[in-house]
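Chains: A, B, C and D, in written order; residue numbering restarts at 1 for each.
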Amino acid sequence: MTSTRQFLSDNAAAVHPKVWEAMRAVDEADAPYDGDRASAALDERFADLFGRDCTALWVATGTAANCLALGTMVQPHGGVACHREAHIEMDEGGAPGFYLHGAKLLLCGGEHAKVTPHTLAATLDPIRDDVHQVQPHALSITQASEYGCIYSGEELAALKGECDARGLGFHMDGARFANAVAFADAPASAVAGPVDALSFGFVKNGGMGAEAIVFFDTDLADVARYRRKRAGHLQSKGRYLAAQILAMLDGDLWLENARAANAAAAEIARGAGARLLHPVQANEVFLQCDAAERAGLRGQGFGFYDWGEGAARFVAGWDAREEEAQALGKAIAAL
Amino acid sequence: MTSTRQFLSDNAAAVHPKVWEAMRAVDEADAPYDGDRASAALDERFADLFGRDCTALWVATGTAANCLALGTMVQPHGGVACHREAHIEMDEGGAPGFYLHGAKLLLCGGEHAKVTPHTLAATLDPIRDDVHQVQPHALSITQASEYGCIYSGEELAALKGECDARGLGFHMDGARFANAVAFADAPASAVAGPVDALSFGFVKNGGMGAEAIVFFDTDLADVARYRRKRAGHLQSKGRYLAAQILAMLDGDLWLENARAANAAAAEIARGAGARLLHPVQANEVFLQCDAAERAGLRGQGFGFYDWGEGAARFVAGWDAREEEAQALGKAIAAL
Amino acid sequence: MTSTRQFLSDNAAAVHPKVWEAMRAVDEADAPYDGDRASAALDERFADLFGRDCTALWVATGTAANCLALGTMVQPHGGVACHREAHIEMDEGGAPGFYLHGAKLLLCGGEHAKVTPHTLAATLDPIRDDVHQVQPHALSITQASEYGCIYSGEELAALKGECDARGLGFHMDGARFANAVAFADAPASAVAGPVDALSFGFVKNGGMGAEAIVFFDTDLADVARYRRKRAGHLQSKGRYLAAQILAMLDGDLWLENARAANAAAAEIARGAGARLLHPVQANEVFLQCDAAERAGLRGQGFGFYDWGEGAARFVAGWDAREEEAQALGKAIAAL
Amino acid sequence: MTSTRQFLSDNAAAVHPKVWEAMRAVDEADAPYDGDRASAALDERFADLFGRDCTALWVATGTAANCLALGTMVQPHGGVACHREAHIEMDEGGAPGFYLHGAKLLLCGGEHAKVTPHTLAATLDPIRDDVHQVQPHALSITQASEYGCIYSGEELAALKGECDARGLGFHMDGARFANAVAFADAPASAVAGPVDALSFGFVKNGGMGAEAIVFFDTDLADVARYRRKRAGHLQSKGRYLAAQILAMLDGDLWLENARAANAAAAEIARGAGARLLHPVQANEVFLQCDAAERAGLRGQGFGFYDWGEGAARFVAGWDAREEEAQALGKAIAAL
């Protein structure tokens, strides 16, 4: 696993040196749980970033962030509309069922793993408004999407219109929110749009084990605070999580890291042409390529996941080495 | 919160330097989740320590450890016998209700927060064996107890007898298991006794955010593995948690730290005499003292929690300074 | 079980002839679930009875009624204050844990199984207002209580004051509400007092399998409607349940039956004197009597339950025969 | 709703006179819950019918029956494979999420709403055997299917093979099991095949509010018994439910009623020809017909549900009048 040619997952990357530094800097006794100074600083730091009031809670994982956020919007008898390839549906081991006490995911289609007003309506409109069918309580989207694609401000506004019309809470899974902002070259607030809560990921982007749930509706945070403890996610030495997040926000390290990852992905995709299954708008490249081609790339030392039968997924971490990304890009172009 | 005279909580202590080192040592890309080499080493290390086969899973918090362990033993319609002052009853924000899907805690009495066969029977015997009452599925005890007291080998064996007779799983909350072993001066296996699963705490004892659930019944671990992910506790960079635990096990650092904490508690208690509410067998001291006395101690710079109306709790961390503990001990003796 | 001297349980009684008639009267095709005319008539009928707007849902059992009602007031991370001998704590097989998704019962003391502002405070005041402890969301009381005792209007108002001060929903388990009204000789509205939802029992009082959840806060009913279906309690031929309830309300049959049962209990208790463990205010008599005395009564053909070591419980159904109650009363007086 | 030309739902039908009689016959005091003689007789009666040991529990609704049965086979972190148009997925208001504590339905395709080994594999094979994805624990099929179609003995055996190979429990939703047996003209045991538990429906077939969960694996029944109480489905006057079921079994009334319903459906479908969307193998007819045609039928007094845009569903109850079914059949033939 020590290959320098590793494009398996941004989850595997190292921790950024500045994150280490910040963690060391809080390594003296402070109040436990979230009573420490670092934790106390989070709300204001995110409010600065987003230009509006918010409450931010740290948790160790994106799964916990997503599910705790949704738990504030969805009653146990309700449902969450999401893309059928969303992480909460595909890869969280049933965590939404657990955290939402049996609420149901209502699956929507959409190209590039993006929900649209049209695909949302196609899923929700047939639901009869009676007690025999699970009614939607929230919409959850992923920014950047599971296929590394970005919702524009217009798209977000349109979805918000649907949420309002249907009485839904609006959640954004931002495991790669930084990559989305880096791509959009717009303020974080524009890329988050009008959501009620954002799971803001740092682990894939240079952190160790800290994500933020940013609640723009602070009443929701008051519920989530209890639920976080109840889920065993209120770490007693929470200052080490807060420190990671603050370090990432300092000097926009989060953005710098995401830009590096996105740039590496762009290098990988540079010569891929028609092989690209999705536009490359973040740090992931999905490529049509057959088994022989994949074997060839692996023979050159590149690590990546198969994506079904005829495709491969390459993910660039914040610490991807430029020359390796270029080498991979050339190898792909040469297929 | 920077007082060197801090005896509020072992939760507030710093991270041990060797733990930092070990975390840095895994700071290169490795497989995500628990596919890394450090995580893979845990089973064997704990098997060595306990002298029998076991499976160990890391999680970030003791609450998660306790509840994931119990979730493998207790069906949603069952109950968990525990002391009425147990952490799972008093301080986990209802986490057992969440993780056990509504199972019930069946509260037992017992001096020094220790369950006995007698107090267990007093709670369980009146439960009619019919569907109208919640039937017990497991017993959970705390070693060292909430009042810093230790179950002897004989006591554990007697409780195991009850568990067998009643068909109960047996869980040990070992948030301060290290302190119990340090006090008992016996092998870890004797202090864990015949339990099916142990929540082995490291965070209070020099770790940052890693506890181990040690399953001596490895079938239970197979369930817990799925539940850990489902609870959002499978961190993607799990190697940093595994590294903490391995560092604590290396050269018996866990025992060394616990001995230091216990020694400090003994210093604090040295002159307390009849004021002691419970024998001091770990790193906690519970002291009868009135408001004026508490104010006096605080006036001398000592930090601690009130414990109800007429008492105080002092907890020594692994990094308690000997001279401070002695100073506190003298101040108490002088009350 | 065909003894005419049966005082085991009002659950065992027959169905009242007028209830049978009403069920037969709806035995033609009508809309399924609660779309039928009988179900549609419930809200108005209960509004007439209580003199204020309400929404009433039928369910088959008191357990379902209690738990569905509480589910509208209590979030999964919250708690329900109730008496430690309440039916929801003692006899519902953990149903509150299931229906409330792991919420916790917070147990209060109180003579005659009645919660008072004082016993409520004794349980709730020590709960720290932080995320480590389960916070109360509702209070549930039983009218008549588990020991057949009645809350007065003043007592209800005082508890409502506590609920308001603490932000709690207020629920009444009225499995024997009819007996309470019959005893109080007051309007139903006074005996329900200012609760938000009432489980109004009919099964023990001449019905077959239909209770009503009466929501005085109709928003709560909108949640309960979904939860009822989700719990499998929306029967497809709901008209037979609605018909039972309407029959009981017609001409105050519910009150007539309850008066008969109360009168029988009064006969039983007439000569009991100091043996009475609780005042007899409904249809239950709790009597101090030793094993030999109980054997003696059983030898005379009387059926009843032991109540712990030295006591017995006698319950009079709506169809208790006056002469049998008198005979039992004399037998008790003669002990 | 008093139309004699009603083909909306078999849920709306009246209660069979023999069922009424049997209910009246138990209208004397007997032991509450399921301690009465009628409830005690169920196991043997179903064992006779199926020719093998079984344990049968009554509940009021099919939703409760299905979910209580599945709850014995599926852990909260697991999943249930079922057809994407199964009642548990479409029409039970999220009850499986509630009863299974957040377990997930894993949706399969298949013509006529029937799961096949092939469609099962298409859903289950792509599930990676790791903790990130919900693993299947059971298969649930519907006999007759949601489109009124029957699984043959061979089809059931093939599915059982899949269950065994994959380690799945096997459940059958038999809301219209009687209609399936009537069509198959085979023993009940052959139509149930090798399932572990069967929800045997009576409400649509002449009962009032009683279904049976028949467990062929009696260990599962021991769990279900607790869960039934916990779900508020253990009615205190259970003898009235048991009596309904016994009445239906007596003299094969269940089969007689189902034959009548099936015959009516056959009449309806007689001249439908190519309009039939599914073979008519039970008591349901799904017909292609446009809005004008539907309006025409309704103009003749026939009641039925639209089935999406261009179709209609007709269901014949046990009490469908032959002449009405014939009239409808002719009206359809004349379209």
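Rule of thumb we're sticking to: a contact is a pair of C-beta atoms (placed from the backbone, for glycine too) under 8 Å apart; a residue touches a chain by one contact, two chains touch by 3 or more.
To keep track of the chains, here are their UniProt names: A, B, C, D = Low specificity L-threonine aldolase.
All figures in this text were calculated on a predicted structure; none of them were measured in a lab.
Colleague: Shared interface numbers for chain C and chain D above half of all numbers used, same, or below, different?
Modeller: Mostly same residues: over half of the interface numbers shared.
Colleague: Using C-alpha centroids, which chain lies at the maximum separation from chain C?
Modeller: A
Colleague: Measure off the straight-line distance from the CA centroid of chain A to the CA centroid of chain D, and report it in whole Å.
Modeller: Averaging C-alpha atoms per chain gives centres 42 Å apart.
Colleague: Taking each chain's centre as its mean C-alpha position, how far apart are chain A and chain B in Å?
Modeller: 34
Colleague: What positions in chain A touch 2 or more of the other chains?
Modeller: 76-77, 92-94, 97-98, 101-102, 131-132, 226, 229-230, 234
Colleague: Once bound in the complex, which stretches of chain A touch chain B?
Modeller: It comes out as residues 1-3, 6, 9, 11-15, 20, 24, 27-33, 36, 59-65, 67-68, 92-95, 97-99, 203-204, 208-209, 226, 229-237, 240-241, 317.
Colleague: For chain B, which residues are in contact with chain C within the complex?
Modeller: Against chain C, the touching part of chain B is residues 76-79, 90-94, 96-98, 100-104, 131-134.
Colleague: So in the complex, which bits of chain A are touching chain C?
Modeller: 75-77, 101-102, 131-132, 135, 223, 225-230, 234
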